[in-house]
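For reference, the structure is listed below as C-alpha cells.
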Amino acid sequence: MTTLEHKTSTRPVPNPKKSLITKLNMGTGLIVGIAFAFGSYYWLKSGQDMSRPNNVNKVLIVTMLMWSLGFMIGIGAFIGPFRWLIGKDLTPEEELYLAGDGQGIKRYFKYCTDHKVVGIQYLVGVMTLLGVGGTMAMMIRTNLAMPGSHLVTPTVYNSLVGLHGITMIIAMIIVATGPFGNYIMPIMIGARDMAFPRLNALSWWVLFTAIPVLCSAWFLGGIPTGWVAYAPLSVQAGPGMNAFLCTIIIFAVSTAVAGMNITATVVAMRAKGMSWNRVPLFVVGATISVALAIPAFPTFMLSMIQTGLDRTIGTSFYDANMGGSGWLYAHLFWIMGHPEVYVILIPGVAILMEVLPVFVRMPLFSHGAAIAGFAGIAGLSAFVWAHHMYMSGWLPMFNGPFMVTTEMISIPTGLIFLVMLGTLWHGRPWMKLPMLSVYAFLWNMLIGGITGIYLSDVPADNYLHGSMYVTAHFHYTLMGSALTGAVAGLAYWFPKMTGRMLNERAGYVSFWLVQVGFQILFLGMFVAGAEGQPRRVADYAHMYAHADLISTIGAYMVGTGFIVLLWAVVHSWRHGKIAPMNPWGSKTLEWTVPYPVPLTNFPDDAMPVVTSDFYGYGKAVK
Amino acid sequence: MSGTTGTSMTATKRTISAIASVALGIAVVGAVGFTLHKVSADPQKKLYATTNGTVQTSQGVLPHQFISLGVYADPCNAGSHGAATQGATNCGSHPSWPSYGPSTHLVLKPHSYVTMTLTVYDSGENLNNAYFGKVIGTVDAAGAVSNTATYDGVAQTALAPTDVEHTFTLHGLPTSTQDPLFVNVPLPKNTDEEMATYNKKYSDSYDHSILNKGHVVTFSFITGGKGEYVWNCEYPCGDGTYQKFGAVMGQVGYMAGKVSVV
Amino acid sequence: MSSHDHNDEESWRTPGERFTNFLNRKNPHYEHDQKDVGIAFALGIFYTLVFVALGAWAYPKWMPTVMSTDMKGIERLMVVFTYISAPVCGVVLGVATYTFMNRHRGDTPPPDGPMIRTHRLTVGLWTGISTVLAVLAILYGLIELNSANDAAVADSKNALVVNVTGSQWVWSFNYPAQGITTHELMLPINQPVQFNVVSTDVNHNFWPVQLGVKTDANRLAVTHLDTTPTKLGKIDVKCAELCGLYHAYMETNGEIMTSADFNNWVTAQGGHTA
C-alpha cells in the first residue's frame, strides 16, 4: 500500500564510497563487539590462574565491557565525536544520512538518530525483554505450582527469580519513556527531534549491548541472589554474577544519557507558546521520572562497581571480616531502588492521565493536583529508602522517621486518584482499550497503595518483610499499575507509531485475560504471604499449597493474555486497519502530523504555536 | 472516518491466526520449561539404601537400612560425574571441585533405622560455625538419642572444629506435613601427610582410581514419616569466595543433595 | 500553526491578571444530579462494607496463630488498617463503578462532557482527609513501635538470652545461661526472650513466624530482637532473606513450652537450668 511507504527523499545522499557511516550497521557492530570480546577474553585468560574465582571474575567483567565498547565502535557511535575532534565535522548530507533519510527499513538496524526510529527500536527491545522476563515468570510459577520444587533445582530457581527480577525492572524502567518518550514526546512538544539525536541513538544501542550480557548469566551458572543482589552473597556468587554487574553498569550509562536527553529536550525545545502550564501531562511525567532517575541510578552503578571490585581485586567494601559492611550495599542500592520504583510508576500514571480526558471528553480535573501529585511523589521518594531496611538491623531508631516519610507518600498518591476520579465524574467514558486500562489502574493501584501502607508500618513489617506479601504488593504497583499504563499508551499511540489501529477484539481479550489472571495470581500471593510463606523460595510447606496453585493458574492466564497482545501487535502492525490522522479526536500535537511522520515532524515553515493547554475538552459551563 | 480497511484477512482467518499464534507462544514457553527441567534436574541416579534385618528400638521393631557414601577430593573418584579411570579428565563440568559420591540423592524408607557409612578422602581446615563440629541427631543401637558417631571404630560426640573435612548435615522443611529430621555428622580430615601421599600418586600417574586410605565414619539415625529433605556440607571449601561458601558449596550434586524418605 | 480551541482559558493571561482573577473567582456552576451522587454513594457504602468484612475475616484467618504480644499487635494492626482504608476503597471504587456504568459504547467518541477544570472544595477536602488518614496511620504505627521498644527495655533485665546463628543453610541456637547449643528453638512461655542474631556468612533473616518478629542476620554485626511468647504450641523458624542454594530449606521448628518442660528439655540437651 503506497500510502504507508516511506517517501524517498530528494535530498542528496552521501557518496557511499567515501563515507564510513554508510557502511556501518548492527552487523558491523556485532562483528567488532564479538572480536573485542574474544580478543580480550583470550588475551587476559592466558596470563591468569583461572582456577581462582577472582581471576575468572576479572576476565569475564573485562570481556563483557569490551563487548559493549566494541559493538558501539563497530556501529559507528563514535564517528560523530571523533570527526568533530579532528576538525572534520559531519556534513549536512551525512547528518541526514544518519537520520535515516531514504533508507527504508534498513535504518532500524543502523545507528539512526531519528527519534522515531529510536522509539520503535525501544519498543521492540522492551517487548523482547518483557517476553524473556515473562517466560521466566512462567517457569517460576510452574515450579511453585506444587510443593516439592519439581521443575528445576534450587540453583536454577534462584537464578530464575533474580534474572526475572532484573529483566523486568530494566524493561519497566524504559517501557514508557523508551518507546513513547522517544517517538511521541518530541512531536508532542512541537519539536523536530530530541536535543541530542546522536546521544539518543547511543542510549538505545548501549541498552542493546546489555541484553546479550544479561542473557549470558544463564550460561555462566546463573545468580544466587535476587535482583537486589545483596552483598555479601553477591560477592560469594559464581561467574554468572559478573553478567549481572556488567548489565547494570552498561544500563546505567544508557539510562543516564537517555534521561539527560529527555530533560534537555523538554526544557529547551518546547514549541512557541508552550509554557510549563500547557505541557502535556505525559511529558511532565516522563520528565519528572527521568529527572528522578538521573541522581538515583549512579548509586546503583556504584554499588555494582564496588561489588565488582570486591570480586576481583579483593577490596572489602562489603566484607565484614575486613571492616566492610553489607549495610553499605543496602543503602547504596535502596537509595536508587526506591526512587526507581517511582521512575517506573510515574510515566505509566502520566500516560493514563493523558488518555483520560481524550476518552471522557472532559478536561483533566485539577491540573494543579496532578502536578502536585507527581512532584510530591518524586520529592518524597528521595527520603524513604530505608523502609526496605527496617528489618536489616541497621539502625532501629531510624525506622520511625522513615515510616513517617513513607506513609506521607500516600498523600500525593491520593491526589493522583483525585485527578482521575474527578476527570471521570460527570463524563461518559469511551470504552476503548486505553480507557479500560484506567479502570484497571484504579483497582490495581488501590490495592497496591493500601498494601504499601501496611508494609510501611514498622510493626507490621516485622511480620510481612521477606514474605510473598511484599512480592504481591510490588507487582500490583509496578505491573498492575505501571505496565497497565504502558499498554494503554501502546494502544493509544499505536495509530501514530505504525499507521494502523490495534486490533480491538484482540485487545479486549488480552486485557481481560491479563487483568483477571493478574488478580487471581497476586491476590493468591497476598494470602500466601499473610500465611507466612517467605519470598524467593524454591519450595514451601504444604500449608501454602492452595494459595500457590491458585497463583500459578492466574499466572498462566496472564501469560496467555500477553501472548494474545503480542499477536495483536504483530498482526495489526502488518494487516491492521489503516488509521486516520486523529482516530481518538485528541487535541495534543502528535495527532496533527500524518503517518508516516515526516523526518522533521512538522513542516519547516510551519512549526506549531501553542495558545492553550491541551485538555480543553467539554462544553463550557456558565 | 475509519478509512479503507487495508486488511487482507477475513475475520475467520484472523481468529485462526490468533489462536495458532497463542498456541505457538505457549509451546515456546513450554519448550523453554522442558529444556530448563532437563538441564537442571539432578543428573545423578538415586542411591537406594538396602534393607537387611531389623533393630529393636524404643519405637518398636524397625527395618535396618544401610547406605554408604564417600567424600572425594576430586569429582572423578566420586563416580557421580564421570568414571574414575587413569587419565580421566571429563568428570563433570567442574574438574577441580570435591564431591560426594556415588550420588547425592539418597533414598531411604520411612520409619527405619538407617546406618550410614561415610568414607572420607579429602583434607580440611576450619569450620565457619563450630556448632557443626558436634554430632547431632544420631542414635545408638537401641534407638535412643546418643549424638555419637564412630570414627575408624572409635565413638565420638564431636570433632575439633579445626579437624573437620566436610560435614553431612541433613535438614528440611519442618513446617509441612512431614516429620522433622535433623542429623549433623562432622567428618574427619585426612592429615597433610595422607593427602601428600594421595596427591603424589595422583600427580605421578594421573590415575584417579588410586585413593589414599580414607577414614570411615559410621552413624545411625531413625527416619520419620515420608518426606523430602535436603542435606549439605557445612564445612566451607568453596575456594576463594566469600567465607569460602561459594562455588562448589552452592551446587547440588557436589556438596549438597537431597534425601527422599519414601 | 495549529492553535487549539480555548474557552475562557486563564493560563495565557499575565501573572497579574491571573492573580486578580483568582481573587475574584466564583465557582463554576454545573448541574449536580442528585441521582448520580446517590448511586455513587450507595456503591461506595457497598464497597466499604466489603472491605470491612474482608479485614475482619481475612487477616485473622490467614495469619498464623498468635503466640506473642508482638504478633497480637500485628494482627490487630492489619485489621485496623483495613478498616481505615475501607472508606477510601469505597469512595474510589464507588465513583469508578458509577462512571463505568455510564460508559459510552461504539466507534465514535462520546459527546463532550461539562468543562469542569477543578473544584476547589473537592480538592481541599480530599487532600485534607487523606492527610488526616495518613497522620492517623503514622501515629498508630509510632505508638505501636514505641510500646514495643518500651517493653523490650523493661524486659531486658530478666530476659532469657538466645544467641541465634545463621549459617548457610541451617539455624543454630545457643543458650549461654544454660550452656547448650541446639538446632531447635524451644522457649518457656511468658518469659521475655532476647535474641542476639548473627550470621557466619551471608545475610539471612531470622524469622520465628508465630512470634511476629524478625531481623537480618549479618556477618559480625549482631542484631537484637525482643519478644515474649504468650501461648503454648509449635512455632516455625524460617529464613526470610535469600541466602543462596537452600534458602527455602533453611527452616527449623521450635516450641513454646511450660517452664518445667523447658527445663527438662535443657537438661536433656546436656545443659544446666539456672
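In this document, chain identifiers A, B and C correspond to the written order of the chains, with residue numbering beginning at 1 in each.
Methods note: contacts are C-beta pairs under 8 Å (C-beta built on N, C-alpha and C of every residue); 3 or more make two chains touch, one makes a residue touch a chain.
Predicted, not measured: the structure shown is a model, and the values here were computed from it.
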{"item": "Among all chain pairs, the one with the most C-beta contacts", "value": "A-C"}
{"item": "Chain nearest the global centroid, as defined over all protein CA atoms shown", "value": "A"}
{"item": "Mean-CA-position distance for chain C and chain B (Å)", "value": "39"}
{"item": "Rounded Å distance between chain A and chain C, as computed from the means of their C-alpha atoms", "value": "27"}
{"item": "Residue list for chain B, restricted to those that touch at least two other chains", "value": "1-2, 173, 175, 242-243, 245, 250-252"}
{"item": "Touching two or more other chains - residues of chain C", "value": "201-202, 219, 236, 238, 244-246, 248-249, 251"}
{"item": "Shared interface positions of chain A, touching two or more other chains", "value": "154-155, 224, 232-233, 236, 321, 539-541"}
{"item": "Parts of chain A lying in touch with chain B, wherever the complex brings them together", "value": "1, 51-54, 135, 138-139, 142, 147-148, 151-156, 160, 224, 232-233, 235-238, 319, 321, 500, 503, 506, 539-543, 559-560, 563-564, 566-568, 570-571, 575-580"}
{"item": "Residues of chain B that touch chain A when the two form their complex", "value": "1-9, 14, 17-18, 21-22, 25-26, 28-29, 32-33, 36-37, 39-42, 96, 173, 175-177, 228, 238-243, 245-247, 250-252"}
{"item": "Footprint of chain B on chain C - complex, ascending", "value": "107-108, 165, 167-170, 172, 174, 181, 183-184, 200-202, 219, 236, 238, 244-246, 248-249, 251-253"}
{"item": "Chain A to chain C touching residues, read off their complex", "value": "149, 154-155, 158, 161, 224-226, 230, 232-233, 236, 273, 275, 277-278, 320-321, 325-327, 359-363, 365-369, 391-393, 399-400, 403-404, 407-408, 410-411, 414-415, 417-418, 421-422, 424-431, 439, 442-443, 446, 450, 453-454, 456-460, 462-463, 465-467, 527, 530-532, 534-541, 584-585, 587, 589, 592, 606-614, 616-622"}
{"item": "In the complex, chain B residues that touch chain C", "value": "1-2, 128-129, 131-132, 134, 136, 169, 171-175, 180, 182, 184, 229-230, 232, 234, 236, 242-243, 245, 249-252, 256"}
